[in-house]
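These are the structures, in structure tokens.
One chain, subunit A, appears in both complexes that follow, with subunit B as partner in the first and subunit C in the second.
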Partner chain A sequence: MDALTLELLNGVSLFAILAIVALGLGIVFGLMGVINLAHGEFVMLGAYVAYVVHTVGLNHWLSVPLAAVVLFVLGVVIEVGLIRRIHRQPELTILATFGLSVCLRQIAELVFSKDFQSVPNPVPGATRAFGVLFPTYRYLLIAIAAVVVAATLLAFTRSRFGLVVRAIVADRDLAESAGIRTGMTNLCAFGVGAATAGIAGALVAPLGAVEPQAGLAYLPGAFLVVIVGGYNRLWGVAAGALVVAAVQTGVIHFYDAVWAQIASLALAVLVLQFRRPAPAGAVA
Partner chain B sequence: MRTLQDSRSRSRLWFVASLVALLALVAAACGDDDDGTPDAPSEPAAADTGAESTDSEEAPEPETTEAPDPDEPETTEAPEPEATEAPDEPETTEESAEPSGEPVRIGILFSNSGPAGVFGPPTANIAELIEEDINAAGGINGRPVETYLADDATDPAVGRQAMEQLIDSDNVDVVLGTHSSATRQAAKPLAEDADVLYIYAALYEGGECSSVMFNTGEVPSQQLAPVIPWMMEQTGGQTWFLLGNDYVWPRRSFELARQYIEAAGGEVVGEEYVPLGTQDFSSVAQIIAGSGADLIFPALVGGDAIAFETQAVDFGIGQDAIPRLANIYEENVLGAMGPAVTAGMRVTLGYFKEVDSALNNAFVSRYFERFGADAPPHMTFSSHIYDAALLYAAAANAAGTTDTAAVAAAMEGLSLTTPTGDISITGSRHLSQPIYVAEIQADGSQLIVQSFASVEPDETCDPA
Partner chain C sequence: MRLEATDLRSGYGTVPVLHGVSLTVSSGEIVALVGRNGAGKTTLVKTVLGVLRSTGGVLRLDGVDITRMPPSRRARAGLRATFQERALFGALTVGDNLRLSGFGSESHDRVLDAFGPALSGRGSQRTGTLSGGEQKMLAAAIALATDASLLVMDEPTEGLQPSNVALLGDHIESARDAGRGVLLIEQHLELAKRLADRFIVLEKGEVVDSGPAADPDLAARVARRLLI
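Our next item is the complex of A and B:
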């Protein structure tokens, strides 16, 4: 029973990590049709924000909003400087964001060096709940991720901004001719996407290594979630993360981690078989 | 219509402009690596090749003939003790003579970018010392040596190209390699076709055998055979959990570890592999906690190791609860984990900069004086490259030529004393070498708590 509870908690924490990491990718892909291969680097930069916050001696939790702000600004700059010019041509966005990812990795290497860095866990140890000991930090991570993901989803579905976004997703040209400023909306969407990636990076930083290459490891997982969850509904990110986390945790529990990876990739292939890869929302 | 077209062509223009800007940025960003890549990465080598066309018949360091360079004089004036000591086998009379003539070109194939790029900088530093020390000791057959570095970007395809560059463009006489086995497999055929000697100096899973190759890195039999029984005796632990990344080196290490554990009366209670790049170890941690293991042997690399160890503490299976014996955790990785996580861990490797010998202490202090106190620390990979260069120089001097077959014949049975310790090439074309066990201290430093001299590799090789 305890083993099952622990495995459930493991699954929930993996779900939270996957959802928060994939959220930004889902927003940018789903709303703008931009395949952002630099998303992993946004997460990496978020982790470096946490590292800097740690080295100057500030509280780790400060890095979460700070990473959001830093990455939002960076996202806006990149949208204006790069994405805006090409966002209607998905294949160009792949090339451009790939180049961008190389640049960001190199810049991180120049600024912080190739060395592995780490951010100490602000709340080391475990908490006893549901009859089992589970790392305290993961409880907090689950809570913060849940709040951020839920708030973002609500903003995109319940607010006037969300209405405008959905109008653009449904038909960009029609929305434009109806007087909606799609440029501004794209700017916000890309900025918010980058900001959530920053939050994800700051949240996962104490769980592993902070290094320039770290983003590469997060990208495949994020794409997996977006593919499984579907890219033209934002809540698909949450659904995808849930399915992937369940499959991963289940297969590791009953088999092993290598098969878990194979299983989640096979899942993506299966899902794509059953769902025609409809053009992502904003492709004109 | 016109305006629409205008704006479209303008936006195309913008795109082209931004693409150009982007490429320029990439080029600029990668530039740092590139001038450190194929052609002439180590700075002195770059200087040498630049000046080479004008005065190749002169001394190995063109700068010394031009002007008194504040950085350089020590290289020609005062040979460091270990430099004269190192290739001590051949003509000791020639040591004082300044090498001259066509340089002997030593290629170094290493990972300076990509996931293993973190191991690159110390090797690049060591390349400078290799040139300096071999030249100070009289060079190879009276000729100066030059080093040429090539980066495999931790990618076998790039590694193959880098090997091609070294052989075809740089015309190297020998390639020293410290990179993954995947790159070795991709690059080896080129060395075989060109009949260029290839000394693979990285620790690896063993089993390599080729007429142009020597393998001087630690193999699992060396790292584990003496250390596993020692570890069980030290800790009183009997049951082991083996956790590794899913590729050939951890799998081969565990295959052997299982034999040594069972021979020592212990038992393997769990063996798990995780894909490279794994970030979440929660489920694995639970499996380990449930296994009841007394000891953990983690064969995890880079970020995976850091993620596992930092998460393990919160799951109650840190070093305090279950002692570790690691065979790859090096300073970079240990430093990132932090002493709170690592204190007490034991690591088995063929070299630590803490090796306490007069030769090594002098070498290490010279390394940090030369490259700065915060230089990327000299470690087993860079040390084995240094040793490989000294072995090559000694063999080529003994053979009196750089002909591959003749040098290879001179390599077999060759013995040297280097900062690493006493090393000698075995009949299996591997290296009999010391193995050290370091224990991580509360302040994060490494203390060598056990050493085994002249550990023989359990390898067989008889290239036709």
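Our next item is the complex of A and C:
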């Protein structure tokens, strides 16, 4: 029973990480039709923000909002300098963001070296709950990820900005003709997408090594989530993260991590077979 | 406000549709653009609004060159349209469509009551579940209720029942009387004759006839062209 509870808590923790990493990818893909292959590098840079915060002796929790701000600004710069010119040509965005991901990894290497860095766990120890001991930091990570994902979903569904985004996803030309500045909305969306990746990076930094290639580990999982959950509705990303996390946790429990990855990929292929074509405008 | 197209050209990909269209629409007048299916009317609307990029010619709004201006800036400059198809966001509620056009919740009833009780109290309904005629009324009501100085209305009466056609005609006349310019694309010739100050006839992407609507010869020529 305890082992099952522990697996469930691991599954929730995985869900939280997948959801927050995939959220930004879903925003950028759903709204702009941009397949951002540099999204994993945004997570990596968020982790480096946590590393820098640690090395200058500041509190780790400061790195979460700081990573959001730094990555938002970087996202805005990348949108203006690169994405804006090509976002209606999906094949070019794939090539450009792949090139961007390589550049960002090289820059990280130049600045921080190839060495593995670590960020100490700000809340070491475990908390006993549901009859088992589970790392306290992971409980906090789950709570913060839940708040960030819920706040983002609310912002995209309840606010004027969210209404504008849904209008653009539904029909970009009509939105433009109604006076909506789709360019400005794209800018904000790309910035917010990068910011959520930055938050994810800062949160996962104490859980593993901080190094230039770290982002590569998050990209496939995030894409699987977006494929399974759908990219034209943001709650679909959260639902996709839940399904992928459940499948991976379950398969790891009965088999191993390799089979868990294979099962996730098979699930994504299965979903693609049965998914109806995206509505016009869902992908610009 | 004055919209002026000079030698406007556009098309889809490598297929040209408009072959140098010149026209003007000024404040306080209704210009009826008529032509048979495939004449290029909707292409002209899309080009004027900027949804379709022109491949030649110049478009000016009050003397300002807007040929390369994005659609959102044209809309904010006072150019507003109702499209023949996809005039509203079907997946959003009626209220959301009103909000996107800048109407606060206090003014929703005023806009929705423009065509009588048909749309009253439907603010929370998903727009795509309205009938085709109701969607046309809503799109026209929203466009007419905005403060746009120049309205481009592409087949606004298509699918409307006769009483609502007459009512829409009254609203368009009121807009003209309030000093707004209207470019009306209309197959309903009787309504066009009733409303228009001028006629422009489009055929195969070119203006083939134009003049004051009061000219009985022109009205006869227009009728003949549309019947042939």
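Keep this in mind: the second predicted complex is superposed on the first by the 276 of 284 C-alpha atoms of A that agree within 3 Å, B and C clash if a C-alpha of one lies under 4 Å from a C-alpha of the other, contacts with A are read in each partner's own complex, and residues count from 1 in each chain.
Everything that follows uses one rule, which is that a residue touches a chain if its C-beta (ideal position, glycine included) is under 8 Å from a C-beta of that chain, and two chains touch if they have at least 3 such contacts.
Just so it is clear, the model here is predicted, and its values are computed rather than measured.
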So in the superposed three-chain picture, is A:Ala3 touching just subunit B, just subunit C, both, or none of them (first/second/both/neither)?
first
Subunit A residues touched - subunit C or subunit B, whichever exceeds:
B
Kindly classify A:Leu100 by the partners it touches after superposition: subunit B alone (first), subunit C alone (second), both, or neither?
first
Just subunit B (first), just subunit C (second), both, or neither: which does A:Pro124 touch?
first
Output check: A:Thr157 vs subunit B and subunit C. Expected answer is one of first, second, both, neither. What do you get?
neither
Interface with subunit C, subunit A side, in the complex: residues 160, 163-164, 166-167, 170-171, 173-183, 279
Considering the complex alone, what residue numbers of subunit B touch subunit A?
11, 14-15, 18-19, 22-23, 25-26, 29-30, 32-33, 113-115, 117-118, 120-121, 246, 272-275, 277-280, 282-284, 286-287, 290, 302-303, 306-307, 310-311, 313-316, 332-333, 335-338, 340, 376
Could you list, by residue number, the parts of subunit A that touch subunit B in their complex?
3, 6-7, 9-10, 13-14, 17, 81-82, 85-86, 92, 96, 99-100, 102-103, 106-107, 110, 114-118, 120-121, 124-126, 133, 135-138, 204, 206-211, 213-214, 216-218, 220-221, 248-249, 252-253, 256-258, 261
Using the touch definition up top, name the residues of subunit C that touch subunit A in the complex.
49-51, 70-72, 75-76, 81, 83, 86-92, 96, 99-102
